[in-house]
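Written below as structure tokens is the structure these notes are about.
By letter and in written order, the chains are A, B, C and D; residue numbering begins at 1 in each of them.
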Amino acid sequence: MTKPEISKLGYVSLVSTDLEKSLVFFKEVIGLEETEVMDGVHYLRAWGDFQHHTLSIRQGDRAYVSHIGWRTKQKEDVLAFKELLENEGINVQRIEPWTTPGIGEAIRFTVPSGHTFELYYDVKKPAADEKRASVLKNQTYKAWAKGISPRRIDHVNLHTAEDWKETYSFFQDVLGFKLREYLKEDDSNQILAGWMSVTALVHDVALVSRQKDELPTPARLHHLSYWVDDSQDVLRAADICREHGLNFCGPGKHSISQALYLYVADPGSGCTVEVFSGGYLIFEPDWEPVAWNASERAFGNTYWGDSITKKEIIKHTIEA
Amino acid sequence: MTKPEISKLGYVSLVSTDLEKSLVFFKEVIGLEETEVMDGVHYLRAWGDFQHHTLSIRQGDRAYVSHIGWRTKQKEDVLAFKELLENEGINVQRIEPWTTPGIGEAIRFTVPSGHTFELYYDVKKPAADEKRASVLKNQTYKAWAKGISPRRIDHVNLHTAEDWKETYSFFQDVLGFKLREYLKEDDSNQILAGWMSVTALVHDVALVSRQKDELPTPARLHHLSYWVDDSQDVLRAADICREHGLNFCGPGKHSISQALYLYVADPGSGCTVEVFSGGYLIFEPDWEPVAWNASERAFGNTYWGDSITKKEIIKHTIEA
Amino acid sequence: MTKPEISKLGYVSLVSTDLEKSLVFFKEVIGLEETEVMDGVHYLRAWGDFQHHTLSIRQGDRAYVSHIGWRTKQKEDVLAFKELLENEGINVQRIEPWTTPGIGEAIRFTVPSGHTFELYYDVKKPAADEKRASVLKNQTYKAWAKGISPRRIDHVNLHTAEDWKETYSFFQDVLGFKLREYLKEDDSNQILAGWMSVTALVHDVALVSRQKDELPTPARLHHLSYWVDDSQDVLRAADICREHGLNFCGPGKHSISQALYLYVADPGSGCTVEVFSGGYLIFEPDWEPVAWNASERAFGNTYWGDSITKKEIIKHTIEA
Amino acid sequence: MTKPEISKLGYVSLVSTDLEKSLVFFKEVIGLEETEVMDGVHYLRAWGDFQHHTLSIRQGDRAYVSHIGWRTKQKEDVLAFKELLENEGINVQRIEPWTTPGIGEAIRFTVPSGHTFELYYDVKKPAADEKRASVLKNQTYKAWAKGISPRRIDHVNLHTAEDWKETYSFFQDVLGFKLREYLKEDDSNQILAGWMSVTALVHDVALVSRQKDELPTPARLHHLSYWVDDSQDVLRAADICREHGLNFCGPGKHSISQALYLYVADPGSGCTVEVFSGGYLIFEPDWEPVAWNASERAFGNTYWGDSITKKEIIKHTIEA
């Protein structure tokens, strides 16, 4: 049996304590499009996302990420992953096809970092309704309809208080993520944060180790991220966030990934969204992970701009 | 035996009838960095390229592309490709390791479109000398040192008068390129142009069919392309090209690939370079190639901006 | 008596044959804000305009510009201009204060180019309603609420078939405009087009001479223009216009004024709007007008980009 | 006699303790062009400056601004200002025409803030040498030749420990600057900082009041500023400054003036340069100065981005 593979980040399933506020935030400020509303769950995507949704959001008693969905490379990878995971002693839940609108047969499980992941292959890629559809055949919706108007989902950033060794080897060895850049202790190889991808992006997922007493629960989402095409779009996002009275950090440029950032919190769920642009792509098949020492953390985080080191918003995470 | 795979476009080996002019163009106007000069060949790369070079250029009696280098995914893919190609009846030439500076063991052969390709895996990724090195660990040179200052090589665009069916099936079935978008006859499936990639880019190579009487030789290079991060960099490139008295077309935006373009000719070799930004990435593993009809060609080429349909520079190709 | 002076372009009073379409265009696509609707007239301004409106628009049987309003430097300039104009033999109409919402005492008259100008000093600068008001004390509305979202009105471009000598001397000697750049016959000083300003802008008004048989009526508006802060905003405007199925020319960069342009037609009135950015400011008190010869016209119009020379939209004018 | 008027900021005359370093900074990093070197003084300007120079720089024992030059509106204004100033009890020094290359008859005097101003009208506007000249008739040099490559000088920011009332009334009543925005004590009208202009810019000069014990000498230059056309140019400037190992603050956006900023220190003289873009222009003749309270200072300074409130570089001034 060939090793099953993940092709891409699919979607984040978010629960908000104030759905109304969250919808204003994601639809009007971020500018996502709504594909469908079913059973009180709103399915959203960016104008350049192809899959049915890249974010789902519903009302709940507490704000948290229910699970994070990843698409496999092939249909048979879903069950192959099930077998592989069970061999690793992981408890795997099977989800009936299309239980989640737009998502076919799926499996869900808890990774060693404590987060719930979902794997699936079959998806619906519904066209936009005529009024919102782009005149371009290769683009889902018209761009620039509302708010910041990102092109597509980019990555998730997860925080964990669980064992770093187990976590990183699981992400790499079992799930097949490649380590692209990482932050380590100055005097040891202990990884403090890792940027990992299955794509040419520097990261589809970042994993940050935190002390147990730093986190209310052991597994957290720090942020999910949407991509904009141009640097100036990040500046425009700052204008928009300021005018909406939102709490944000940025614009700034990361050294790690070289990307521009702006972090803004959804006032409904407390979930942080990173508006992201620039950076580099990795096409080299023998990429040597770039190591940053703990003493370089501030520079690694912020090449220039509004530093994320001391901002309150940057310390915030939600349960995941 | 697993099917060998190509990981990425590596470099273009260019011959110029006026090396001095070409070097001014590529080093001062485009703003590439010189890694090395050996035996009269200049090895250049962009500030964000990692490999030893993405362009080599030398003096010759006529301007042409000697060959186009592609890196395989694994070391063993080079010889596996040799076997695969010979099974296809292709004549394969073995190149001694490091004959080309920075490039290890390689094979060369002519693809059905008439172009010479090289495949290799082993490479050198020399660091920049201290004066030009970036302060960033994940970036080779300082950006913005000179001219347009692109980040990295992006793609090549090849024109051919050879049989389209044989060509496209070879690129897809033997070399493993995936068709991402294509232009076809209105009333048949005959492909007139195809955008293909082994990466998440919409194209690492575009292949355009032309009539034999339209091309001086059956296999030609239309352009090679370097990437800039931001739309505005393409506008800045237009300022720079105009001030240098260069012939160019653009800026404009393609519908196909959604990328911004500016085409400018190297006055030394006549080779066209596309300055390229924006566009979309393909992470979906089941991407359905986007079909454009011949009657949509002008719109497919130019979404808006300086139309490439009637410009002389856009008709120009060099031998390859 | 000190010579009265004009301080700035105030507003354009436009009549549309399809008000509804025009309002969608100006409010949703261009992204102007509505200050007030009175007696069927809609009063609009950009988010960074301070005056009550910079565009008024109403339904009519034919599309035309009723008049163009200019603000004087001082209150007493209005009547001083009246006297000056009457001394020049110009018939001057007095408009009761606040007949036009937001505009105090005014005079109207026909300039030798055939266009109707209005001069006034007293204005209202109403604050935005709370929901739309910027959090910035020095900015009227939130930016980026809808569409292209320009900052402010910039200039008007007038075409005339009337005598060029009389026209230019009137604009300069009577109204006090300074000639900044001009296009002239190769072998004489006959001015074919002039860019003139009372401000530091290269032009508040451009005046273009046309043959009588080229124009349906002797005095026409070619376009009115709104300013965006960044080059990329012009590219974004192109995306927006294409997605709205609008006819436009650009983006491109003028040599004359050095500004970026995109011309798009209001489908309601046929009036062209130029989205404008960049360019230079003139602070030198002894500015020597920059002369361009007729043979340089194409280059003067388009430094690079989508050339305005042969586009149909660029030939279009409306009665003024 | 009509009141004499200033038309624009002309140039800053800077003395550096390390001329070589300063020249690398201003010519290679900022990217100014050198018009002339005479008697050890280097005369520099931006590619879009028309006057002979907008910065002069020479070696000295201590770093300071010798004087700041302003151009009057008319030739006769120079001597009219002399008379006006002497009537105010100001000691005025006459400078022989062309003592400073490019500057005709001039007067110099100390303003109540303690700074030395020069007024002149006659200037030389030398064309660029052929190699560096723009292909545009209305632009001095080719843009983008080196470094940040700003278009033109923008403004100066002066700090003073002298009496605010005397200073502001002198700038307004004698020199004719208009107050555009100002920062004041929360509970009184005492001005803490004022942004003033004779042009349509929000400020040609900013004047900031400081306590005597905060400043080594009573009159200081906080920064001089050069303009870039686009927001992204400020981001590009940040890349360039970081790669040159320079100390800087930004990018960020001011609320006051709405402009983007990046402050970077010349390592030769310690003089700070602000790279500046965006913002608004004031054409309204009855502009009401925008008042900000001391308690709004941080927001007034930084709308978003790298906050200037606590950065060491922002506290730095040089003698003036």
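Rule of thumb we're sticking to: a contact is a pair of C-beta atoms (placed from the backbone, for glycine too) under 8 Å apart; a residue touches a chain by one contact, two chains touch by 3 or more.
Source: prediction; values computed, not measured.
Homomeric contact chain B/chain C: same residue numbering on both sides for over half of the interface positions.
Averaged C-alpha coordinates put the centre of chain B at 45 Å from the centre of chain C.
Between the Cα centres of chain A and chain C there is a gap of 47 Å. Counting partner chains per residue, chain C has residues 230-232, 239, 242, 303 touching two or more of them. Chain-to-chain contact here is organised exhaustively, every possible pair of chains being in touch. Chain A contributes residues 134-135, 142-144, 147, 230, 232, 236, 239-240, 242-243, 245 to its touches with chain C in the complex.
Those residues of chain B that touch chain C in the complex are listed here as 230-232, 235, 238-239, 241-242, 248, 250-253, 260, 303-307.
Those residues of chain A that touch chain B in the shared complex are 7-8, 48, 50-51, 71-74, 121, 125, 136-139, 151-152, 181, 199-201, 229-232, 255-258, 278, 280-281, 283-285, 290-292, 303.
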